[in-house]
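In what comes next, subunit A is part of two complexes: it sits with subunit B in the first one and with subunit C in the second one.
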Partner chain A sequence: MASASSVSSAPASSAPSAPPFRQRPWVRWALPLLLLVVLVVAPLVLSEGVNETLARIGVFAVAVLGLNVVMGYTGQVSLGQIFFLGVGAYVTAYGVQNDWNIVGVFALACLIPAVAGLLVALAAARLGGLAIAMVTIALPIVGVPLAKRLSEFTGGSQGLSARFAETPEWTGLYDDQWQLYVVLVIGGLVFVLTRALVRGKYGRAFAIVRGNENVASSMGISPYRYKVLAFTIASLIGGVSGFLYMLVIQYTSPETMSFGHSIELLAAMVIGGAGSIVGSLLGGAYYVLIPELTNQVDPNLTSLLQGAILLVVLFLLPGGLASLPRALTRGRRRTRVGRGPAATPSTPSSTTGSATAEPAPTERQGHA
Partner chain B sequence: MAAELTLQDVSLQFGGIKVLQEVSFTVEPGQIFGLVGPNGAGKTSLFNCISGHYKPTAGSVRIDGTEVQGSRPATLAGHGLARTFQHPALQLGETVLENVLLGAHTRLPGGALEWAVRSPRTRRAEKELRAEALDLLERNGLGWAAHVPADELSHGLHKGVELCRALLMKPRLLLLDEPAAGLPHEEVEQLIATVRRLRSEDDITVVIVEHHMGLIAALTDRVVVLDHGAKLMEGTAAEAQSDPRVIEAYIGKDAA
Partner chain C sequence: MGTFVQLVVDGLSTGSIYAAIALAIVLVNQATGLINFAQGGMAVLAVYVAWVLTNEGVPLILAILASIVFSIVFGAVVERFLMRRFERGDPDTAVVVTIGLLTLITGVAGWLWSYNNQQFPSLFPLDTVQFLGVSVSIRSIGNTVVIIVVMGLLQALFVGTKLGLALRAVAINPESAAFSGLPVGRLLMVGWGLAAALGAVAGALVAPQLTLTPGMLDNALVYALAAVILGGLTSPVGVVVAAWIIGILENLAAVYVPFIGFDLKVAVPFILLFVVLVVRPQGLFGRKSVVRV
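Take a look at the complex of A and B:
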């Protein structure tokens, strides 16, 4: 941790002598490596049920991540994310049923939702504010009857089922293990890429479009273009989650993209943590686990219990579950500042420095 | 290269209200130019016409002879224009450094895909501009605050951070909207020193909207006085302060 001595010398040299724990070189390498090992080993040792649940969490974590790009990071309320998951799932199912090459199917499952999202965003982002929310509400509402009508492609109300990505024999894996590995690889890749994107140039641009459009535009950032970009990326990620959905659940129907699911996805994002990568994972876990949990308590009270959980989490942690560590460290820092001598921030004295100059463990902080 | 700014007959109307009436003046490259006048004279509206946040009803705004009237603010950044706001709008949860780095946006190369895969080019550019931002903070006495979340700083320091953010854009024309508003005396002195250094070190044209006559007198080469949306006079700060029309416009206010 940055010590008082390194801070008081800060005006002379900008580099702190001891980088904070999370930014030390060995920590930056060791933690991801450890995570990787755990992810590789876990599917082999866990039971079939747990593996399947983890795979489903992965699917919805990706969907929540997409929603986070447009809503958490860029601040544009989207109520239609589930639509893009649905389109991705249908494209995948249709492609598999027609024996298309699976790589091509994946590409189309990304591309078609992305183009659909781009077209919607080009119109919706002109409106700004809550109008975007109103336009995106239309997506699942139109999507469900549309999927029923286009029965030639979608199988109508009965939906489509498709089994693909049979476990290759040379791996010696069971189906649940193989599926989880595929979800981990594709989902993990999406997470890594998105994490890099929402830091640095684009992360700052998205954040200022959310924070203050006037400032954004005076920095040379066109709010319109960045809203469209964020929405398109969210739709693309939604398409990826649709592909994974077909892999894991192997069945899709118009019900997949119902409005209710879209709202649940949004609640999951808020509970996990808006504008947070870890929050997206937690949101996926919430989306999958909480309904099962509340169903076990009392199937009649499922909605009520979920609503109660939503309220409690938001009351205690407005930033979602992912903000828990930050809320704790911030609280500690506040009390330390409060106990110290009266802070006079205009003069960089060593006392105010020692209390405040530690880099906060915020998300979006780029690499040092 | 410092930019030249020319306004010709700029008018702005909101419904039936004439906010600006045929305002014309030229700011020479490298000048520090003051825009003064009583409250409601239309100073900030004029600013917004220059920066593209308002679209003038009539007239022309040129930067180095290029017509920019009607351009979007995001395009104007490409013409070398940067501005600060009357009420600094920082990302409060972010660190000071991240806030300043926002100013580097147009200088960072690469599209979304390139940044998602963190190509070597984007890594290098980010690293360079990070160092430049730290240096800029250092030079403006804010180096110690680089890693402090913005919401832990005072109002006066926010203004300093906002100025650094604008400077990281490497502007040729800088618009400062009431930089001294709400600052204690000693910070106004610092601000004066900073703006003076800007001109000598960075080769930049500065336009300041300000009530603080001390600051205007200490800094500006030339001023335009606005009253009721029209240009009252143009000259040096000393001339403005002794002009009877200006004193009249300010009567009951702090004119001296």
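Take a look at the complex of A and C:
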């Protein structure tokens, strides 16, 4: 999935003369269709371990996507996204343990984090700039002792485990395949809806708020309202990822929403690519795969390596992994055209000082 | 009554620690306009340096002084070689860089010295003194006094010296300062170094209580950030007062409000924060900033 869409997004703005590859009608239909076929077939042919890993990547890709809505697209640093995943997971676990209807549980797992996010945002978004980061850092730090305290609902430090969405008999699928399908359907739906959101009217409003709040208000776009909206949507998506988390991992404890995990989620988003749908997928993959890798190197080095990777990516590729194809094509073009000074007027790397200032020209632009 | 006074004095002591870290954050923010989430992490690293030195048999006070010198250098190096590149750019990216730095420092400390709790010797004896019929711990008074003295020194530096004047000029307007011939880059390094030194003092004072771990100051950072918001980023005095209020209130709430207790007292500054944000968004003492397009 990741590779297919990253290919499609890469040359979007590069060649105005020839119709870009992805704009040809048959490509526009064939690519998503191919993707769909791959997604339907893949769980059947892959091994159990791979399926489980993919399902976990799906869970955290959704969480990263939520963070991207508020941070990548709207430019508000949030350190609390993991809290909403935790709330969603707890709501799901509690509902399942009390034998509530699973559709109702899902609705609550979306609704309760969304309301919590709305309340937080109503207060936090009043302050401009980095204050949202400074307030949301409290969510995981307060969330962990709060979850321990509310042991009637959360099972205290021991946490809750819940199994649900048993594989129906008629499908003849194994558990891992069924889980992956559920993650793909719900996660896929969230991705499609979010993509529509950030490319539409609201996405443009978010982009303006991110670019310059004063310009936004002069255009009649209330930065406060859109910040609150973005944060609420991010919390809702966090709740969905919490539901999926319970589905796949089947266990949650206060540790789920620890400060460390919150930072890892943010790092995953930045490394995957801020303000990018594909970047969210890559971020989810990073979140799941890199700790496994670094643990194999040396568990004591995990935090060190993660910090180092984050800093290296910020230095070399501020747009994250999702901007890699674009950076590569740009590099190639530069070597080809190289001689003319006009060839690379807007290349960030040519102006060292403001390299990071320019928000990477993400997919959302160019789709008016 | 006895418990009450004791709680207030202890609260003042922890509040002073938050105040020091909060002031460090304000110092960096004034100079570079960004929030350094690694401020606590850098302080922890300094405490580890002092801890290693005391294990080598260096007297505690010398070890702490050495860790402060280390912090000044470390802060300057971080500014020059890590943050410089991101300072003029998107503040969000710069913030993420400081978060990456926090992760990295925590990782380095955990890797070198493990994640286990280490005992750090206290500068002050653990005894209590009788004061107006109430017993108060010497450590709490000592911590408060040290932090107040350090703040006084900083204030003297900023108001009374040429270096302080230059630092203030850079904080107010880097471009104009550069036009006047001030070495802005070097002054920013000094600013970061001073902030790191302030954090190192706070870390060394609080380490005996919390025991030394790589994540020791994560909670303190959260309190400090709350104090920064409550006090307003533009008001150092307000930040210190807010930190004291937070320190005292959370101690009182932990004892007198049964639901909060000691485990949930970290929520106190944020309940306070939410109330203030709704009522007075610019902070208790901050000025409302007006931006021209």
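Criterion: the second predicted complex is superposed on the first by the 313 of 368 C-alpha atoms of A that agree within 3 Å, B and C clash if a C-alpha of one lies under 4 Å from a C-alpha of the other, contacts with A are read in each partner's own complex, and residues count from 1 in each chain.
As a working rule, a residue touches a chain if its C-beta (ideal position, glycine included) is under 8 Å from a C-beta of that chain, and two chains touch if they have at least 3 such contacts.
The structure displayed is predicted, hence computed values, not measured ones.
**Q** A:Arg204 contacts which: subunit B (first), subunit C (second), both, neither?
**A** first
**Q** Determine, under the contact definition given at the top, whether A:Gly307 touches first (subunit B), second (subunit C), both, or neither.
**A** second
**Q** Would you check which partner chain A:Ser258 touches, where first means subunit B only, second means subunit C only, and both and neither mean what they say?
**A** A:Ser258 contacts neither subunit B nor subunit C.
**Q** A:Val215 in the overlay: touching subunit B, subunit C, both, or neither? Say first, second, both or neither.
**A** The answer is both, since A:Val215 touches subunit B and subunit C.
**Q** Taking the superposition as given, does A:Met134 touch the first partner, subunit B, the second, subunit C, both, or neither?
**A** Only subunit C; A:Met134 stays clear of subunit B.
**Q** In the overlay, answer first, second, both or neither for which of subunit B and subunit C A:Ser241 touches.
**A** neither
**Q** Could you look at A:Ser280 and tell me whether it touches subunit B, subunit C, both or neither (first, second, both, neither)?
**A** So A:Ser280 meets neither subunit B nor subunit C here.
**Q** Quick check for you: in the superposed arrangement, does A:Arg149 touch first (subunit B), second (subunit C), both or neither?
**A** Only subunit C is touched by A:Arg149; subunit B is not.
**Q** Going by the contact definition given at the top, which residues of subunit A touch subunit B in one complex and subunit C in the other?
**A** Residues 212, 214-215, 218, 353, 356-357, 359 of subunit A touch both subunit B and subunit C.
**Q** Show which residues of subunit A lie in contact with subunit C when the two form their complex.
**A** Against subunit C, subunit A makes touches at 71, 75, 77, 79, 122-124, 126-131, 133-135, 137-138, 141-142, 145-146, 148-149, 212, 214-215, 218, 259, 263, 266-267, 270, 300-308, 310-311, 314-315, 318, 352-357, 359.
**Q** Flag every residue of subunit B that touches subunit A in the complex, lowest number first.
**A** 51-53, 72-74, 76-78, 82-83, 85, 89, 91, 93-95, 98, 101-106, 108, 110, 112, 115-118, 122, 126, 130, 134-135, 138, 141, 143-149, 152-154, 156-157, 165, 169, 184, 186-187
**Q** Please output the residues of subunit A touching subunit B within their complex, sorted ascending.
**A** Touching subunit B from subunit A are residues 2, 7, 10-11, 14, 16, 193-194, 196-197, 200-202, 204-205, 207-208, 211-212, 214-223, 225, 229, 233, 345-346, 348, 353, 356-360, 362, 364-367.
**Q** Contact residues on subunit C for subunit A in the complex?
**A** That would be residues 34-35, 37, 82, 85-86, 88-97, 99-108, 110-111, 114, 214-215, 218-219, 221-222, 225-226, 228-229, 261, 263-264, 266-267, 269-270, 273-274, 277-278, 281, 289, 291, 293 of subunit C.
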